[in-house]
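A, B, C and D are the chain letters, set down in written order, and residue numbers restart from 1 in every chain.
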Amino acid sequence: MAGNTFGNLFKVATFGESHGVAIGGVIDGCPSGIELDLEAIQTELNRRKPGQSKIVTQRKEPDTVEFFSGLFEGKTTGTPIGFAIRNTNQKSHDYSHIKDSYRPSHADYVYDKKYGFRDYRGGGRSSARETASRVVAGAIAKQFLPNIKINAFVSQVGELKLTKNYKELNLEETELNPVRCPDQKMAAEMEAYIKDIKKEGDTIGGVITCVLQNVPIGLGEPAFDKLHAELGKAMLSINAVKGFEFGSGFSGVAMKGSEHNDQFNTDGTTKTNFSGGIQGGISNGMDIYFNVAFKPVATIIQPYETIDKEGNMVKTQGKGRHDPCVVPRAVPIVEAMAALVLADYTLINNSIK
Amino acid sequence: MAGNTFGNLFKVATFGESHGVAIGGVIDGCPSGIELDLEAIQTELNRRKPGQSKIVTQRKEPDTVEFFSGLFEGKTTGTPIGFAIRNTNQKSHDYSHIKDSYRPSHADYVYDKKYGFRDYRGGGRSSARETASRVVAGAIAKQFLPNIKINAFVSQVGELKLTKNYKELNLEETELNPVRCPDQKMAAEMEAYIKDIKKEGDTIGGVITCVLQNVPIGLGEPAFDKLHAELGKAMLSINAVKGFEFGSGFSGVAMKGSEHNDQFNTDGTTKTNFSGGIQGGISNGMDIYFNVAFKPVATIIQPYETIDKEGNMVKTQGKGRHDPCVVPRAVPIVEAMAALVLADYTLINNSIK
Amino acid sequence: MAGNTFGNLFKVATFGESHGVAIGGVIDGCPSGIELDLEAIQTELNRRKPGQSKIVTQRKEPDTVEFFSGLFEGKTTGTPIGFAIRNTNQKSHDYSHIKDSYRPSHADYVYDKKYGFRDYRGGGRSSARETASRVVAGAIAKQFLPNIKINAFVSQVGELKLTKNYKELNLEETELNPVRCPDQKMAAEMEAYIKDIKKEGDTIGGVITCVLQNVPIGLGEPAFDKLHAELGKAMLSINAVKGFEFGSGFSGVAMKGSEHNDQFNTDGTTKTNFSGGIQGGISNGMDIYFNVAFKPVATIIQPYETIDKEGNMVKTQGKGRHDPCVVPRAVPIVEAMAALVLADYTLINNSIK
Amino acid sequence: MAGNTFGNLFKVATFGESHGVAIGGVIDGCPSGIELDLEAIQTELNRRKPGQSKIVTQRKEPDTVEFFSGLFEGKTTGTPIGFAIRNTNQKSHDYSHIKDSYRPSHADYVYDKKYGFRDYRGGGRSSARETASRVVAGAIAKQFLPNIKINAFVSQVGELKLTKNYKELNLEETELNPVRCPDQKMAAEMEAYIKDIKKEGDTIGGVITCVLQNVPIGLGEPAFDKLHAELGKAMLSINAVKGFEFGSGFSGVAMKGSEHNDQFNTDGTTKTNFSGGIQGGISNGMDIYFNVAFKPVATIIQPYETIDKEGNMVKTQGKGRHDPCVVPRAVPIVEAMAALVLADYTLINNSIK
């Protein structure tokens, strides 16, 4: 399994299981001379951290990152940046209900089949805890790209869906509520709904919309490495993601070409932006926007039947402190992955200038 | 631009512009000893070929593939398979309306900005003609995986959408109509609709659904190279694609975990399959299914205004023979890309056995 | 076997067997806007071509390259450059002595073991004919780097070894003799010696020295992708190569640090250059120079005993038209591989500027 | 700079500077189910450690490795193995002689030119301290390949050169002396010589020979990724290496084909082994052996003149505790890199079985 490395020139390898010693990674290819704001990195981690509000898991983990290398006198040196986040939560739990049986819609079964056995504690490598490493790397990528604005927000929870598009919203208000929806009224509804779901011991899915602004023209490498193809892969690699669409997306299929075509202004911008800022796999300077669909979290706090390793049906009970809805905490992860893609494609595009 | 290579162990590099000398590719990593059915490869090419029915572009291109290497006495040798398809159509057209101006929602503008100039004839490299090389490679990948069933079909054209899911359809009837929709009644409606669109000189989008059956358990490389993440990238790299979803997809966001979780049978299969055959990025032996959204083709046979290289607004007119709807011809392309992903992940998974 | 792709950003995939339909490749990542001198490419191929003099194999192959894509109006477009060279020589030979038995010190045996069978005609993929594709790609890389001077020459044949170093020679005189040794007197001795060897039906090894001048400071990516490490890999991937050394090389091991250290001049150049133009894996602006050791060609025109597929000892006889010494024809191959490495590392280095 | 990642399927990313917080790495792709002997890993680190004998640098660093992930109940899980080694030695030194001036034949100058500035403490990333991470990864690779015997030893120091080849030596006696030369008499001479060199404040080069036994037939991926090409790159990426040769190497150039060809036995082994266990880039089951040339360490404890950042000539003095000869400590590094190459190529070869 060599699938834990992302990117070509701005390359990140991550490691770590939910309840192992630590998670972390190596950023291989970060350019030199970036004055890193370490607090800003920690801020991103805090946006993803458990326990940050009442609608997320109440686990306590400080998620403090330690940097090992690649920085000198406050700046990146161009050498690899190694980092780790200690797991402080690793010893105390009871995993008997997970150890020998397979939780439905979790990766337990396939890990056992693929690798022969697994670190079952808290889901091991398949836990979304791994994404904290992505957030660290993405926060550094963001600082490499200070002119690009990357804003993700929750646009749907269950059936509750924003009808306004991103231009009608003030994206600076996303962090004003624990849902991370920039429409405060909708946010309140979503929050109440998530609390209800939580009371049931159930979970619910959602959608995150992400907007990338001030992306220079020219990022993207056709034919296979189109910018949106890599963004799609990046998003689909996040735990619980089931779908990705950009620009007009799935709704564009019902449009005619005469409606969908984005007419040019004389400065090369376009009057509409159904294309979503990308033509032929290459950024065209317009806003890039896309939606990412998250399924409901598989861990529910309800009794359920499942099978054990020998294929016997067993009764068990979901336990522990889990997220009733993953999207509020996934907002910084979506932004981090977008930042990693943009950083990589910026370097690739620089190479031919 | 080194983005024309796809895959890690079953690796394909493609080349070629719409109206250059030839298109083609190199398959680097196809295992040895596969008895290649060359006719089956040509059959796949014919499914993608222009001029095959009244609802696709009426251009005439024989699309005959010539193999240069990697085959001996009818079998693959394990060495790279080089191939090319001559462009027979390359000289005769009038491109004055494309040469100096940028067609809306095409890649003309970004290619000029990224590369300084472009081969404007027929869209050059950004033309979907490039996908014929993918079909050749995918057809070989299919033969490497004889036990896996790969079936794509058109499930939506404009607002016309199949309400049956793939299990309620006979996928062997997909090729019975030019739309490639396995429901013959719906196919007839779609065909009539596409003809109407064509008369208007307009175009319309659509959705292709693809089903992968008999995929062994264990394909997929978390964390970043999850099977569905790579499938998503593969699909999003196809011209005109705007979205990808697998399993419950975007509709899964409105489900509760208690509904969405796939309960196990004692043999490890699951009672439902909202997961879409993939857990934690690894195939679980159930059917893999996904949807791919295609926008309406940007070339419309109508007058339009656009800008030239100097930023002047110019009036022009869409010309030539183009597809009113891309999905009928894109079905074999979706299958080809799925086959390439499965071939690559099969080799990767074999490596640890 | 996905080992037929070289480079990261300036990436080349090659294909083709000695006696298949054609050999060729795809250059994925050549920057746009290079006005290609196609004659210069053919000139490089002619330097590698069989039949060019009396001391090389007398096979006749025109080695004419056809370009399929990536060029428009005489310039590279930034899209992949596909090309092929037809094998004109593919049908007529008698391979009965190769088909069922393994030639000593050839790849016949290992190909059969690794791939199950092989295209035995003329050595198939393991033939040095494959290197013609490298020469095409390298010739394009040279044109991408017009300011860098790449000069290889023969510095040793058997025991005949140049005592002058490259600075004492006029490298523009390399092409004045068929051996490609810039010292005309030594070249004449080498030529006579190779002719003697040929008369015996035997073969002899040699060394090629290569000098890279005007390489800008900064090429090379520590820790693993040091410039000399990639140059070494590139050279060792050429057929018949047994060794690589740069700068002081193997003779440097007997030197003391106080002798070997290159003292700086005030402009950053160094007074000596035992380092060979590379420090810590990064070019320092001084001349890069290295030696490449070639073994004697394995095909000798003498009777020999070997084993067949069943492990029986069989008597046979070397046949055909082969090179008595490979180094004269390998000079352009060494240059081509050096050019490919420099092109790739130039793009990589550009990315962080 | 994304050059800190080695391997394709058994992939290692390393990080860390000589005097930063820690060095370490991520192994992405180690197969699951290997019962790791952690003591054996520490033993390898101890072979590389400073202060282990009187002929190596007297710096004190415990070099204790901490594993973060990828292990569960004593076995590898198939998920990435993160690890770090704290630098305990990082604060106390005086670097004023390095900070503003460039040491001759070190990487100081090129790092400043490439990255704009550098972590000058102890050489930063360009220090051979980085290789400790390779030793950890290589020690794990060795345990993945228990049947392959990997033995490196010192075969030359300065002019003192073993005349016996590896078959005439008992490689199990390599560790009996601090030089790591299996011939005890020669080892004593080398040791005395190194002590003399050290007294002079000078340094001396050397050669390490490495033998790989019981390598299965079939490892290696022609054309570019030949087994010896990747071994060569791996060795050339080690600090201070100037050359690589395998099998007959540079001495093979003076041999005739009739002498050099390895005649087969009926079981597929060969009577001689000038090929060095590799044909056409693929292992043939015979012993693989190669030589690696190391230059004299650049740091000498003598006064010297050099330039500062502004190009002024300055007088300074080599300080600190440095190795008079690098080869004794480089033996485990050579073995580690060989193990990494073999592990990677084993996985690649498995993929097509």
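As a working rule, a residue touches a chain if its C-beta (ideal position, glycine included) is under 8 Å from a C-beta of that chain, and two chains touch if they have at least 3 such contacts.
Just so it is clear, the model here is predicted, and its values are computed rather than measured.
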| item | value |
| --- | --- |
| Numbering shared by both copies at the chain B-chain A contact, with half separating same from different | same |
| Intercentroid distance (Cα basis), chain C paired with chain B, Å | 39 |
| Centroid spacing, where centroids are CA-atom means, of chain A and chain B in whole angstrom | 27 |
| Chain A-chain C separation of Cα centroids, rounded to whole Å | 46 |
| Sequence positions of chain C contacting 2 or more other chains | 1-5, 8-9, 14, 32, 78-79, 114, 125, 222, 348, 352 |
| Category of the chain touch graph - line, ring, star, complete, other | complete |
| Interfacial residue positions of chain D with respect to chain A in the complex | 1-5, 7-11, 13-17, 20-26, 28-29, 32-33, 66-72, 75, 77-82, 84, 114-119, 124-125 |
| Residues on chain C engaged by chain D in the complex (per definition of touch) | 1-6, 14, 102, 104-107, 109-111, 113-114, 125-126, 130, 156-159, 197, 200, 202-207, 217-218, 220-226, 228-230, 232-234, 236-237, 239, 242-250, 252-268, 270, 274-276, 279-284, 291, 293-300, 302, 304-307, 311-313, 348-349, 352 |
| Chain B-facing residues of chain D, complex | 8-9, 31-32, 78-79, 222, 347-348, 350-353 |
